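The block underneath contains the structure these notes are about, expressed in structure tokens.
In this document, chain identifiers A, B and C correspond to the written order of the chains, with residue numbering beginning at 1 in each.
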Amino acid sequence: MKLLFEKGAPGRALSILPKLDVPAAEPEAALLREKPARLPNLSETEISRHYTELAKRTHGVNDGFYPLGSCTMKYNPKIDDEMAALPGFAGIHPLQPAEDAQGCLEVLDRLRGMLCEVTGMDGMTFQPAAGAHGEQTGLLTIKAYHKHRGDRNRVKVIVPDSAHGTNPASAAMAGMTVVSIPSGPDGCVDLDALKKTAGQDTAGLMLTNPNTLGIFDHNILEITRIVHEAGGLCYYDGANLNAVMGVVRPGDMGFDVVHLNLHKTFATPHGGGGPGAGAVGVKAFLKPFLPGPVVEKTESGYRFTTPAHSIGAVKAFYGNFLVDVRALAYALTLGADGMKLAATTAVLNANYMMAKLRGAFDMASGEVCMHEFVMSLEKLKKETGVSALDVAKAMLDEGMHPPTMYFPMIVHEALMLEPTETESRETLDEAVNVLLQIRERAYSDPEGVKACPVKAPIGRPDEVAAARNPKIRYAFPE
Amino acid sequence: MGGYLPSSAAERAGMLHELGFSDECQLYRDVPDGMILEALALPDGLSELEVSREMRSIAAKNVVYRSIFRGAGAYNHYIPSIVKQVTSKEEFVTAYTPYQAEISQGILQSIFEYQTLICELTGLDASNASVYDGATAAAEAVAMCCDKKRPRALVAASVNPQVKRVLATYCEGYGHPLQEVPEKDGRVDPEALAALLTPDAACLVLASPNFYGLIEDAAALGGMLHAAGAKLILSVNPIASALYKSAGELGADIAVGEGQPLGMPLSFGGPYLGFMAAKAELMRKLPGRIVGETTDKNGNRAFVLTLQAREQHIRREKAGSNICSNEALCAMTASVYAAAMGQRGLTEVARQCHAKAEYLAGRLARIGYLRRHSGAFFHEFLTGTPIPAENALAALSERGILGGLPVDGGILWCTTEMNSKADIDELIEVLKGVRA
Amino acid sequence: MVTPENLKYSKSHEWVEFLPDGAARVGISDYAQHELGDIVFVNLPAEGDSVTAGGRLADVESVKAVSDIFSPVAGTVRAVNPDLENAPEAINQKPYEAWICEIEGLGETEELLDAAAYQAFCEEAG
């Protein structure tokens, strides 16, 4: 398929702007570009058809089952998008006087109230634009807290080896050293290793619960107690909140800081890789360190204030506001009853699939899982040569997005499935059948599976060539 | 109560029973007893009609200004309808990150087109798939430049204060000392820069146009930096880049900026778009996702996420950045906007923005709002005020006009193609009529 | 698996060639390149960098992974192999010719194995 830059012809254009209605004022010649930017010259027809073709080559949640573990690809409600597009939200300048933006501040304040209740926190910032951004923010907050207490030795963050890559990367951005502790085969924290590691140089622990194997670590209270006793704080990676929303609160598990992925748990759309929103909640004693400004409700209305010992800002303005609008609409739609039901149904759906696949595949997630489960295809690979990657590619030919591959790293040939609550029983049954059929085919026709996909717009791309000789922009013919 | 659950209570009970459970609580048997909530202290869910009413009533509490003369990092440009329509396509909106290349060619190609667009606008060789916004782009660029030998970063005082705040927060996290280079008459003072260019300085973050809308002498400053072995990080306006010298032509090593003007509404500050482009030799230091072109085994053109070994999911704590999700749909928005405007259209937007700013500046000067700085500006400029700024702005606000931003020294005005001559003349008439 | 007799090997799968002029050349073994898969990029040290025995010298990227290369000897980097910039795959094709860097001013060395001992070590690792 051709690129935009390979389409069009000189002279083609849309008619968007009226003629200039004030005297022309050309900047002085020395300031002007020498070589013009080579943007395409297209008609609106060509643009429309170009993106229609691109949409046909894109698999969205509207196209089929999307069981990406750790990503919570639940259905994105259309009412949320409609509300975010209202001129009363989309048309507001971030530097309007607060009295002219009371609706925007109300969105942030009400969402904060609801999400603090869900997580068991007392304060919240919406400035981070993604989960990883939230992690960085949370760790900077923890760092500022210790520094404020005069404790400059706390430079280490404890992270289990089953953790998502963003956890250690975020710690590095906060100037902290990462100490990795082993997880048990069930992905749960090794308490002895934690006791040995937690000490006077511990700034905190980063954990997700349920963990990346989809198992709820029942020692959680002991884990957070150990870290607190050593003088560290506990950070909750909220990527897996969909399992426990309305059922258990991170604040009650002993966590001091939480980030939420609104583009996971709160159904805001992924957009092909963003925009998301990584709201960060904190217990009361950490509120003074949050990035600012934050919204405050007073008798005369809402206003912005900057926390007393704020770490500063992690983004310009207030965060991905229109994503917050979507999250608020969703939270209002679900309410207390709906949130709990969403979580318990997500867990039910995952267990349902896991039970049906258990005979055929090795499960790493124990007898009962949370909202996602991990299977290991190591045995299949040994016996047939067909790997987790091959199975995933074969799913593409069945119109399904594959699960997450090769994560967590503690499981070999891993596939992590998260069905979410917004799938019907028939969809789950169909997905199970697809996986069972692919497995059978791996034994009877392994080469056939390894050749997949054959029905997609392209076959497997040559990633080695792409990395050795990166071509990352269109090369105009000279 | 909604929840988008296809399964009915009966279906769920059936599935539970098949699993050998009688109650959903049994699924949570690993959770310590005391931790399970009775219920959240929140109201029950609402119907779609109720949610719509509620959200609309909140939106109605905001003033939607019909005439906007404020910029300072968020710009009111016209968004062609085709842009909104394309970026609402459900496939683009709901898809995940394109890790499975075979079924994500649409997203991947669109990012590749975006990367090409950013390289063209900045005049540099390599772009990433986006970061969160212009401020974080500047911070990530600093991280690309600093190392053990050169740990110090400089930032021009004339850069947007919000960008400076984010830089300070990020640099504190990394442990890179950050120093401001003082301004003189609204631009970087070259003598002050010279004094700060010690051998441990890695880079300067400079904006042109800067916070005051002024065009900086980036080429000369870049020369000073390169002579001292340091790098120039230039923050640019993507619309201005269609008309004015590109970052590459000015000698920048890295170009960053806020992409919001390329088709994103004001949105009360987000989601916006951070773009980053660099010279070829810095390509592997760029953070975030990058899409590359390759072929599949049949020789078909194929796009794929590449150079992933830089990223957090592989390098973990040794990654240059932790960025995972970025602003992909906003990057697509920028591509569609650029396609819709085309080379001539985008240049015309830039011309109109500047011409209207000159016209406004001229008319304001004649009623006592004099420019504080001299020299070339793009579409923003700072004036003093003959009366208290709040009074002027209040009078405008009463007429549905959002005036410039009140700052130290006066009011920072902005015009775009959206400000008609009639709008500008109306603003002048209102200001004329304000008593002190 | 090829294991040239004239080289020494570390337990982290680097090979060392002690040159007549007293410097050392370092690369990675056939076993290592096989484990890594297709190499797409090598992050080389800079000339003049000092390295410790067992310390990180360089890293090697494949499409989906990064692996650190550890220096078997302490010293100063005097040269890096310029061919690796454009053809990192040379390490896969000819691991004992595609040297990574030369180190001079040698100090401490790690525990080094001769060819036979290294071969046995790899076989045990399975």
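Please note the rule applied: a residue touches a chain if its C-beta (ideal position, glycine included) is under 8 Å from a C-beta of that chain, and two chains touch if they have at least 3 such contacts.
Worth saying up front: this structure is predicted, and the values here are computed from it rather than measured.
Overall, the chain located most centrally, as judged by its C-alpha mean against the mean of all protein C-alpha atoms, is A. Counting C-beta pairs in contact across A-B and across A-C shows that the higher total falls to A-B.
Note on chain placement: the centre of subunit B and the centre of subunit C lie 43 Å apart, centres being C-alpha means. Centre-to-centre separation of subunit A and subunit B, using mean CA positions: 20 Å. Between the CA-based centres of subunit A and subunit C the separation comes to 38 Å, rounded to the whole angstrom. With touch defined as above, residues shared between interfaces to two or more other chains in subunit C number as follows: 40-41, 61, 63-64.
In subunit A, the positions touching at least two other chains are 463, 467. Among the residues of subunit B, those touching two or more other chains are numbered 308-309, 314-315, 318.
Those residues of subunit C that touch subunit A in the shared complex are 38, 40-41, 61, 63-64, 88-89.
On the side of subunit A, the complex with subunit C involves touching residues 406, 463-464, 467-468.
Of all residues in subunit B, only 284, 308-309, 314-315, 318 touch subunit C in the complex they form.
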